[in-house]
Structures are given as structure tokens and as C-alpha cells.
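One chain, chain A, links the two complexes that follow: it is found with chain B in the first and with chain C in the second.
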Partner chain A sequence: MANSTLSEPAMSSASMTGVPSTGLVPRRSFGGDLLIRVRQNIGLATAIGLFCVVYIFYHLAHPKGFSSAVFVQNADEVFTLAMVAMAQTLPVLAAGLDLSVGALMTMVGCIASYLLSGAATPIEFTFGGTHHVLAVLPGGGVGIAIGVVVCLLAGTLAGFLNGCVVVFGRIQPIIATLATGAIYIGIALFLRPTPGGKIDDDLNWALTNSLQDLASTVHIFDDGNASWFAPFAPIPVPFILIVLIALLVWVPFRRSVTGRSVYAIGSAEGAAYMSGLHIDRAKLAAFTLAGFFAGCGGLFLAIQTSSGNADIPQAGTYTLNSIAAVVIGGTSLLGGTGSAIGSIFGALILRVISFFFRIFDIAPLLQPLFEGIILLAAVSIGALRVLRVKNTLELFR
Partner chain B sequence: MNAASEREFLTLSGISKRYGGVTALENVDFACARGKIHAVLGENGAGKSTLIKIVAGVVQPDAGTMRLDGNEVRFPSPSSANAAGVASIFQELSLLPDLSVADNISIASPPRRFGIIDSKAQRRRAEAFLAEIGCEDVNPLMRVRDLPLSRRQMVEIAKALGQRPQILVLDEATSALTSADVEKVYAMLARLKAQNIAILYISHRMHEVEALADRASVFRNGRHIDTFEWGTRSTGEIVQLMIGRDIATQYPPKPQRPSRKIALKLDNLCWEKRLESISLEIGTGEIVGLGGLDGQGQKTLLLALFGVLRGVSGEIKINGKPVRPTSPAFAKSRSVGVALVPEDRKTEGLMLPMSIADNLAIASLDTLAKGFFVDRAKERSAVEKGIARLRIKIGDSKDAVSTLSGGNQQKVVIAKWLMTEPSIILLNDPTRGIDVGTKQEIYRLMRELADQGVAILFYSTDYDELIGCCDRVAIMYDGRIVRELEGAALNEHNIIASALNIDAGAASPSSSDEVAHG
Partner chain C sequence: MKSMLRVSGLALASLLMSSVATFAGPKIVSGPGANPTCFKPWSDQTKYFQWEKKPGPYRIAVVNGFVGNTWRIQMIKTAKAFAEQPGIKENIKEFKVVSTGTDVAAQLGAMEDFINQGFDAIVTIAVAPDGFDRIIRLADKNNVVVVPFDNILDTDKVMMVNEDQKEMGRMSAKWLINESGKTSGDILEVRGLPGNSVDRDRHLGFREVMEAPGNNFKITEVVGNWDSGTSQKVTADALAVHGHFDGVFTQGGSDGTVRAMIDAKHPYVPMSGEGENEFRKQIADHYKDGLKGMSYGQSPALVAISIKAAISALQGNVMPQLISIPIPVADYKTLKDGENYWSNLSANFFAPNQFLPCGVTFTAPEIMAQSEANVK
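Up next, the complex of A and B:
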């Protein structure tokens, strides 16, 4: 017991506190900031990397590769899925699933097909044999602006309704949205029993082409011929819209207290509650914002196709693809990790895969088969980390 | 007691709370003052947890009133309690595993600019609070999930400090901490006390309470028994108040076992630089402790033996036969016979929503099955035997295991593994956050099992426990076993010296009792 260097009391207190805290956990590398950030966003990084590879390959294989026309066409085709995937991301981050996003998108599309014709439109309905006119939507730009706002409000409201059912009804999201999704499809079918409607031609042209076309349609920047505008002119409008929505809606939300609460709920709902977070508010916000994103998707789809179509299989496909896009984009279905940015890249990857069928001329009947195989392969990339895990207990956390 | 005293800060009067038919609190009067550390003592199930949950706004009392600084208050949710200045560090960690340390520390009210979280300011804030508790080695960007348990608990403390509380509640907040961290927490509590903050301190570690408390209140069976200034009662009297009976001897006596058969022999075990050439022998009927500072590879070693880790090199021999455990399913099989009572009973030990009976039977279903189906009669009798053997206090075995108290939940985990009739039992800190009575039952059970010829490898963060229970203790440092202590050499001085890897044992006279590993 006798000790030449350390006296007994020094042993029990001073030497204990004297140990530098880093020495206590010698085997943990607490790493540099950059390393930590990369490791924490490996899912997103993989999705971006994969997209770059397949998209460059697509352009190389395409006879008109790297042209503005191809970019515009691709951007048009990806926009709606990207929006629906962003919508799906929010409930998934809160450890839920939203099965109504496709239906919600379809409903908003059908509403848009009435409101965006560009001509003065009476809002009317026939009930109990009498004809009612609620209001008259003015024609021209004002009418279109009102129409766009009403469509987005409808989507947001439907999302809010989803949130209310989940939060106040205490119903699990997957079943709550299965039911509300059927309601939204029902409304869409009521509005458009058969495909139809009309979208203002200028609106369609301006939003589904390059910035040059947008500028020449609305007569700005010398009809898009201003010399400073030239470098931006070939950029597809839908691409700009995705970037704007991501930067102006998603990023601020992600960095708000409510946004972080959504992540917290998906991570550990009990701990989130015990930390004094407003769980109900955050869930409502998640579903409401999901409704807004899906509404953006539906609005664009109507503008792009110049019509409204209550297409039930299409709604279902969009819902399922949105889940696939979310997973490919690095968001965990268990909630808590991931981002809507990743989901955009997930949607891009999914769409590029289908573009390949066109250039390689694969029989349409075989497409679902290939799509399934490729989807499985893409999702498996995220699962590769499993092979490197040395502590198998970590697989279950 | 005098609940209406002028200088009390938080006053509870006539508080009662019932869960179904169980009375958790019965007409409790309680008060605490600013600038004092107030210990709340009692066995598990005494009502301490319910009391602090009421103070923290997690549960609402059925009757009674709460006053804060003389004004009647009501906390319908944790956020309302936070707003009133109550911050709590709970026994069940309340951190968000997928969020970063900085996010967690500022979770409820982060620094904002134009409504957007200011991540730079948030990070500075996290660094400041981590520094305050001497935890600078944690990068605030790290996800909590990637931190070891002891660091997580420090983050939890930093998080509570971040709320700038008027009342700080610590419920077993030090149970996973290393001794060095505990010292830092002591220093922090002293500073908070000087800032005139009221502190409620709940711990099963009596020496901590002894070092900290200014006042203490004892609870038993949901009733407030007594409140007194610290130092006016002897430890014996306090224990008497807590359990209402005497505790004779804390640890069962260690028998002499002159010759032993080797049950488990490890030779040169290595894994991923976390385990470095571990060699250890455990005889049948022997309890071998694993000691040292937290995070030196003790838990990793247990996981390696239970087949959880891939790529373990070296040799494991069980009863002379070389085995290579590849999965827990293989490790628990009859031919190997290893059982592991894991670190975190809530996530690794139990399926909380499943029934007590299901949890008990889950590890031994293969022996309870007749062909493809589980033999229900056999299962029932096995479950009953398990409950009786550990004297688990339950209402009905079909109740969800989450309804049990912490101590009884741990008993379910242990009973579940005993049902597989293992020959080697690995225990990962099985008494963490458990009351004195249950702890003693576990010690007695361990000795009983050893007497029946089971070999036990027992990791504990409590040195006292290692000295009291183990025939021999292997101290780990930096992934290797630096010293084995037994007999007279097994004392607190040697354990601490070896844990810090200081060569203090060299001067020990009883060198024959210890084996130093390079």
C-alpha cells in the first residue's frame, strides 16, 4: 500500500481530477469538423455522387446530350416527383409515412385545371337543382396569380388536415393518410371525372422551358436577349423553381426550432417531449409543409400537361416513388436523419433511370422489371455500410 | 414537517398520485430551498421518481398543490416546467440520438437570428457549457448516438445547465459517469449552489449523497418519511429509514476454492485496436470482475465474448474447447452456454412493450419449443420458476415489462438469461441505477450461481461492488488488461491506481496475489 510518489489522499482526489479528460476515452477519435460532417451526411453524398455518375452517362449516351433542350425536358419531367419526394421527406423524418402525397398532388392538379385558364372564370356549382355562382375569377395575370395561390393554399390546407388527423386523432400517420388520400382522390374525381380543363398557354410555355423562353413570354430583360442574361438563358425554369423552393422554404424550415423538433421526434419522441419541445406543433408543421410541397407538385403537373386528370394509378405511383426517392436520398425510414435535399437527388436518380429506357429502347413491358431491379440496386448502395460494421449491435440501433 | 416555511423555494403540499390501483405518492408534503443541495432518498418504488416527474411537469398529481416562490404553480407539460425554471436530468436519458451535441444542449430554446437557428452561436454556447463541466473532449458537432454512454450523460448535464435553471433536478445523473467526471459534476454543483439555485439530488450511491447533501428527505412506499439537515442522522439511521429494516451484510462472503477448473480461457484476444491481446482465465464457480475507468474496453470485451463483434482475433476456449462466437444466437446455444446481461436494459435487455412472460421466455424459446410451436404449458412453468427464483415483484406476468420498476426490470433481464442455463454469465454493469435492496439480491444471486459452478465475468463502474463481490478483478486500461488483483491486493487503492495505469501496485507487499500484465 505504501507509495513513494503518491500519497494516499492525493490518490483518491487530486490525481483523479488531474487526469485530462481526453485521456479517459483514448480510443474515440473525436475527429475534425469536416470529417464529422462528411460522415454524418454520407447518405446525401452517396446520392449526389450516384446522380452525377448516371446523369453524365445519360448525356454521353444521348444523341443530343449536354444540350439545353435535353436539360429542359428532363427538368420538366423531374419537377413533380422532386416536389412529392420533398413532401414525403417531412413525415418520414418524424418517423411516419404519408400515403396521401400522390392523391394530394392529383387533387391540387385538378383544382389548377379550373383556375389557371387565364380567362375570366366563374366559380360556380349546381346544388339541389339551383345554380350558384360564388365569385368570378378575373382573367389575365391577376387571375392566374390568384389561381396559383388558391392551389397552393388547397395543398397546404390538405396537409394541415393530415396533420390534424394524426395529431388530434392520435392515429398513426400511415393509416390516417391512407384514409385522407382516398378523400383527396375522391375530390379530384368529383372535380375531373374525365381528364380535361385548360391552362393558360403562356403560363405553360413560360414555366416548362428555359429562362430565355420565360423572359420572352413575360417581356423582361429585352425579351431575354440582354447580353448579361445570356449565361443564364439556357437554364430550365423548373430547375430554378426547385432551387428556389429548397432555399426559401426547406432550408429556413430545417434551421427553425420547429424543423429541428421534427428531427427530434423521429430520433426519440419521448426524449423530445421530455426536452420540452412542442411535439404536436412540429408534427402539424411537418404534415402541413408536406401538403404545400405536394401541392407545388400538383400545380406544376397541371401546368405541364395543360389539364387536370384524376388518375388513380398515377397518384399511387407518385406516392410509392416518393418513398423510394426519400430512401435513395439518404433519409432513414426510422426518422431523425436525412434531408429534403437528399430526396430531390433521390427523385433525380429515379427519373434518370427511366430516361435510360428511352435511349436504350427497352420494350415498355419490360420497364417495370428493370425499374424494380435498379431501384433495389440503388437502395442497396446505402446498405453497403453494413458490410463494414464490426460491432453487429450497431446494425440494430 | 414545516412546509409553509418562509425561505422555502419550492413547496409541495398534500400531493398524491395513483397509477391505476398502485399508489405512487400518498399525501406528500415536501419543500426545498435555494442554495441547497437536497438529497431525495428511498428505495426504487419509494416514489422519488414520481415526485420529480411531478416537479418536472411530466406527470400531473391527482391531488395537492405546488408553490414556487410562494405562488401556486401548475406544470401541465415539461415545457411549462422549463419555462418556470425547472431543469431535470433524468435517469432515462432524454437526449435525441440523431441530433448533434450542440443541437441537444440548446434543444428547447436555441439562439436565433430572424427566427432561424444561429448554428455558430449555438456551437459557442455548447462549447461553453461543455467546458463548464470539464467535457471539452466532445466535439459539439458529433451526434449523440456516436458518443459513449458516459459522455452522453455529461452532455445531458450540459443540456440542463443550458436551460439556466432555478431548480435543477438530478435523477441518477451520475450513474454512468467515470469517477473523474463525477468530481467535475461535484464542482459544478458547488458553483450552482453558490449561485443560489435549488438542487434536488437523487442517487443510489450513498457516498455521493454524503459528499454533497445539505438536507435530505427520505421516502418509503410513496410516503414522505422524514426531512433533516445532513449530518443530524447517521448513515445507519438513514438506511433504516429508507428500507424500514436493517441490512446485515452488504456482500455475501467469498468462499475459499483451492482448486478450480478453467471454464473460460482467453488467449491474445484483439479487435479493432479497442481490445489488445486480452488474456484471461475464469474458473468454474469464480466471479471475476472487470474494472478500470469507463470506456477502456470492458464492454467491448463482453460483446466480443457474446459474438457481437466481427473480426475478433485470438483464441477463446470454453471448458477446454476452442470456440469462435459468431452471433449471440450461437453464444447462447447449449454447446457454448454464454449469457450476457447487457448495458442498457431498455434497449438491449428488454422488449419494453411485450409482456413480462414473453420477455422472460424469449431467450430460451428453442428449449421451450415442441417442434415448430412453443409449448405453452412448459413456457408458463418456466416463466413462473424464473419469477420465483429472482423474487420479481409483478402484478400479472402478462403485463408489459415497461410497467415494472427499474430494479424489477433488471431482475427480468437476469432471470431471462438464467432460463437458458448458461455456464458462463457476462454482466455489464447490472446494478446501474438500482436500489440497495435489489443490488444485494443480485450480489447474493451471483454468489449462489458461482457456488453452482457458473463462471461469472462482471463489469462494474462501482469499485466498492467489485471489491465486495469478486474473487479476482482484472483492471483494463486502453484496451488491455493491465493488472489482476485478488486477495488482500484487491482494495480501492490498487483499483484506482491500476485504473489510471499508475504503477502504484509495484510497492505492494502481497505481490504473490497479483499478476501484472505487460
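Up next, the complex of A and C:
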């Protein structure tokens, strides 16, 4: 059993990236290969299929369907949830749950609301009656770049802390992150007792719009009017960011030994240990990377809203929705199978469901009911594999 | 091929140029505004907006955040009923209500979606007082009137509708001082949802009067989340610890506060609180025993006035940037069964729902008796 579960993620990694795998899978004809890959990633394939159907339907029904403005709005709305869902995927793959992703996102958002104003900002605090100035953040692009790096580092560090509590404290992830989540919300509340802060206007405008607006805001490519740039101009910036983060962070991690160890831990931790994998290192890496993804989400939310807000109900909503997105995206809560790419599609599906309420006339007080029914249906599709199982024992994988 | 790209690039550029050229938003003009008995400016300093007149009927959306307490449900029902009312119905071509939950990204997304769909006005209860800059920018660009009410924004770039929360606090403090006839004593303050601008402002207004020079009150503060159950529990705790209070100010869940006092066999004392029907019933039943109560109300009918303000703005009328709605107040002397409270109804709704100067004529029981299907 250990063998089969170990090799499965290794194969699906190749299928996900579209890169021909080496060694582990014997080469086949392209068609057969593709079919096998789809079958191995049936969860992901279902999520993508479902998303395409509902999303195309949404655009057909929308008065301005298939226009850049609608894509931009959709991408803005989905970005943070997609990031938080990616973050949740990693602990889930290792058969855990991270209840701190929403809180971590909120904390990073509150930090960002101090560092991304675009003006020179002194980093100061008052302790024991005396006033200390730690450093002065320069204004302009340099300051913003430093601010972004600091925010992402804070997210990563918080994720690492989660990992440390789980690995070295030997505490179940769900409980460990419940506690650390409360700490992160506490820090967020300390930083922003009431909502506020300031984000550079241009940064907000450039990142929450199409590439055209990005180019015209930062004055590149002839203010976005270069003729070669035209085909790319309507693409939403958040969409590009998601693709970049998935390709540059998730895919390399997924293909590394550490990444595959995370899957192995999820399918059979004992077997993974006996196979000589570095269990602790993999878990630490999983939580740290989760912190990075959640940090990306928080950073974007702050930029999108031009402010920081230590909103506790909102943090809880994001944590719960991230788990829903992970499941809809085809990742098993038992661990070992699935992918962060699937979770992005899970987040997309989750959002598109509520898009429909804006197009069709559904009684407002019945909307939560409809949302629940559609959600249940979406999750149930993933459970259909039970019908195809020939041997009951397979259910326990 | 290359020239085609160039052409499409040019077309796109000109499209963007044209959208910049139509950039409008409201003009800042001088007052007075239209229908001042209904759309009363907040203060003398309030500026006035005027949008370009658009031909009606209009497409209007209500984007609510959190849904699930009585107040919000009453608000949604009021919105639906008001949109069907003669005089309003003719001006509305399409009316949509969505609730996005406590997720600012979803609320921003819903508002932007309605802007994209070409709606003329968006009425909203913001989930946060900040973070709507992008939406305001887009709305101005597309000549969409955005009207936040209840939980309003910390900005003066949009037209907003609210009651004066600080004044509610001041009014409550003055009531307690007048009714008890004392300038010192133990007072219980039951606060609302933490981190909310409404809770903050009512608290500040209350403290401003209570802590004015010459007064020497000892105020005990507990957090009741505007919820009857929570309010009852924290009041019971406070009574257990302190034993006696000379007066009570509760921001919400007021009936729970009274129930806790009855349970603890605390003598009835002067009290000020929200506009729940249950609370008003308690005042009517017990004022002779000393529950000299005052009930102010943040009315769910604010949504109706906001819709009316949006229509008026779209018709090109001059509108105040911040519209102040008079606070509906009733006390034990002015309570009248069947008029500003209903002793035969047990469902806990918010009693103040009529604003005659604005043509909001239906009472709270009429609204709450209506099912969703009837209103549609």
C-alpha cells in the first residue's frame, strides 16, 4: 500500500505540470498517457470541468460577459480565497488541517496596511513609556518593494511557527493552529484595533486591474499602448499573479523530494518514515509554504481594500471557505492526494456560485439555501468514485 | 498581422481614452438640496452632490454584508416592500438584493459586478468602514450612485445615509441623568459589537455627557454584542459582581438586559436602550414599578430612505453628501400600543419602521408579516 500511494502523487505531479515525467512512469502514446493522467487526477479534472461549465454559463448570462472588466472583477474577488485555499492544501495533504490560515492572512494584511503607503514611514513603537524608532522605511517604489518582502516574510515566518509547534511540540495540527491562529488575530488586533491604514493608490490600482492599467500606471510598454502588448492588455493582473505563484512556487515544491514527502506523510506516515523520508522537514516545509501562500492572500486583500482590518468573523469565513475550496478542488481531507492547483479551481467554483445571485433573480433570504445545496452537490461529485470501487478495501485508501 | 495588432491596440487605446473622457462622478454644488424634510443634511458643513440626470426607470441593487439577525432580515424585507410601493415602483426597472457575508472581497466583488452589469445605483451596508476606494473610483467613472447606510464609510466621496449614533449615546446619557435626578451613582453600560463604528460612536456620545464636568458617575462597561442572549448573560454577570446599579444604558439586545435584571430581582431603574418591540413591551409593563425607559431606534427602514435618495440623485437633484435621519425615540410617556409598539406580537422585531416625511409608510408588523414571496 505504501508503494502504490507513494508513486501515485509522483505521477500526478508530472501530469499536472504538463511536463513529461521521467523515470517513474513508462512512456506511452500521448492519448493513452493523457487518459491515465486524467483518471489519476479525477478530482482535479472534475473541478476544472465543473468550473468551466458554470463559469461559461455565468458569462453567457452576464450583460457584459467575456469582457475584460468582468474578468478583472472576478479575478480580484477570487485571488485572496485562492491563495488561502492553496495554503490550506499543504497541511491537508499531510493529513492535517490548518485553522490559522484566515488569521494569518488577516495579520499580514494589517502589517501591509502600515508598510505599503508609498510614503516614507518610520517603524516605531512605544514601550515602557519610551519611544523607539527601529528604522525608517523609504518612500516610493523601493519602500513598497521592501514592504512587500517584509509582509511575505512575516507570513512565511508565521507558517514556520505553525510547523514548529506541530513538529517539535508534537501537537495535532488542528489544535496547534487553533492556538497560533488566536495569536495571529491577537497581533492583527493589536496592530489595527479599528480598521484603517493606507496603501499606495497606484499600487492598488495597478494590481487590481488589467495589464493595460498596470502598464499605464507604471509607464512601461509605451504606457501599455505598444502594439505587441495589445493581445495581453485585457488580462487581469491577479490572474497573472496566481499563475506565476502556482508555476514558480507550487510546481517546483510539488516536484521536489520534500514536496513528495508531504504526500507520502498524508497517505501513510509510518510507511513514509520507514522509507527514510524526512518527515519533520516535510511537515515544516508544508506549514511554512502554507504561511507564505496565506501571506500572499493577506497582502493582496490589503492592497485591494487599501486598508488593514482585523476582522475576526472574516478571518473565520476565509478559514472555513479554504477548507471547502480544498475539498471541491479534489484534495482528500484524509491527505495524500490532491493538489494546490485543484484548490484554486475549488476557490473559483465557490466564488462563481455566489456570482449567480447577482445575475438571476433569487429571493435574497433563500440565497444561503441555494448556495448550500449547490455546494453539497459540488462536493458530492468528488465522492462519486465510491460507486466505481470494486473492492470495499479501496475505500480506506 | 502586425498591422491588425496595431489596429486592435489603437482601438483598445481609444476605448480606454473614451472611458477616461466620460469620467464624471458627482459635481460638488451648493445647497440646499431636494426634499430637505426627508434628506436632511448632517450639519452646516455638509457639502452637496449633484449627479448628471439619467432617464429612468433605474436598475438598483442592494448589497448587504452579514445576514442572519432580525435587524438585517427586517431591512431586506423593507427594501423589497419599498421597491414595490407606488411612487417608487415606476422609477425602478430592476431591483436586486444580495448578501455577501462578512467578506470584504465578496462585497467589493458584488458591487463591482453590478457596476459592470450597468446598474444605476448600489445601496449597501459596508462590512468595513474602509477599503472601498476602488469601488468609489469605478462608480464615479461609470456614473453609478453608491449609497452606504447604517455602517457607513470613513470618506466624504460618496452620498451616505445614517442616524446620528453619537447623538443616540448623548440622548441616552441625558435621559438617565434627568430620570434619576442625580449626577453621581453606579451606571451599567452594555456595549455592542466591538470594532464597529456604530458601537464606538454611541459609546463616545454616552461618555461625553456622563463624564462632563460636574458629573461623578461610576460606569461599569460590559460587551453585549447587540444580542439579547449575550446582553442578558453579561448583565447577569455584572449584577452578580456589583449588586446594584442606579441606571442602565444598553446599546442593543435591550430586552435581554431587562430580563437579567428581573431574574436577579434587581429593582427597576431608569434605562435607555434600542428599539426592540420586546424592550418597549417591558417598559410599558413595568414603568410604574420604576423601569423608566427610553427606546431609540436605528431603523431598518434606513434602507428605504437610501433607495429613495439614490433615485433622487439619479434624477439629477442636489443631494447632501451625508444625510441625517431623525432618531425615532419613544419613552414610557409616549409609548402607545399599536402605534410605536405592539403588545400582542411576540416576535422580536425593531419597532421603528415608519418615516412619514420620506414616504416610508408601512409599520414594522406589516413588514415582518410579509413573506418573501408576497413581496416579490
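The rule we apply is simple: the second predicted complex is superposed on the first by the 353 of 397 C-alpha atoms of A that agree within 3 Å, B and C clash if a C-alpha of one lies under 4 Å from a C-alpha of the other, contacts with A are read in each partner's own complex, and residues count from 1 in each chain.
Keep this in mind: contacts are C-beta pairs under 8 Å (C-beta built on N, C-alpha and C of every residue); 3 or more make two chains touch, one makes a residue touch a chain.
Here the structure is a predicted model, which is why all the values come from computation and not from measurement.
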Open item on the list: For A:205 in the superposed arrangement: first (chain B), second (chain C), both or neither?
Closed with: second
Open item on the list: For A:36, using the defined touch cut-off, is the partner it touches chain B, chain C, both, or neither? Pick first, second, both or neither.
Closed with: first
TODO: Tell me which partner A:264 touches in the superposition: chain B (first), chain C (second), both or neither.
DONE: first
Open item on the list: Contact-wise, after the overlay, does A:132 reach chain B, chain C, both or neither (first, second, both, neither)?
Closed with: neither
Open item on the list: For A:272 in the superposed arrangement: first (chain B), second (chain C), both or neither?
Closed with: first
TODO: Considering only touches as defined above, state whether A:301 meets chain B (first), chain C (second), both or neither.
DONE: second
Task: Contact residues common to both interfaces of chain A (with chain B and with chain C) - done: none
TODO: Can you check the complex and tell me which residues of chain B touch chain A?
DONE: 56, 58, 77-79, 81-83, 88, 90, 92-99, 103-104, 107-110, 112, 115-117, 119, 134-139, 141-143, 145, 148, 150-151, 159, 178-181, 183-184, 271-274, 293-295, 297, 303, 308-311, 327, 347-348, 478-479, 491-493, 496-497, 500, 502, 504, 507-509
Open item on the list: Per the contact definition, I'd like the list of chain A residues that touch chain C in the complex.
Closed with: 62-64, 67, 69-70, 73-74, 76-77, 79-81, 193-197, 201, 204-205, 208, 212, 216, 225-231, 233-234, 301, 304-307, 309-314, 317-318, 321, 351, 354-355, 357-359, 361, 363-368
Task: Parts of chain A lying in touch with chain B, wherever the complex brings them together - done: 1-6, 8, 11-13, 15-17, 19, 21-22, 24-28, 30-31, 33, 36-37, 40, 252, 255-257, 260, 263-264, 266-268, 270-278, 335-337, 389-393, 397
Open item on the list: Could you list, by residue number, the parts of chain C that touch chain A in their complex?
Closed with: 2, 5-6, 8-9, 12-13, 16, 61-62, 64, 66-67, 73, 76, 80, 96-106, 108-110, 112-114, 116-118, 127-134, 137, 154, 195, 197, 200, 372-373, 376
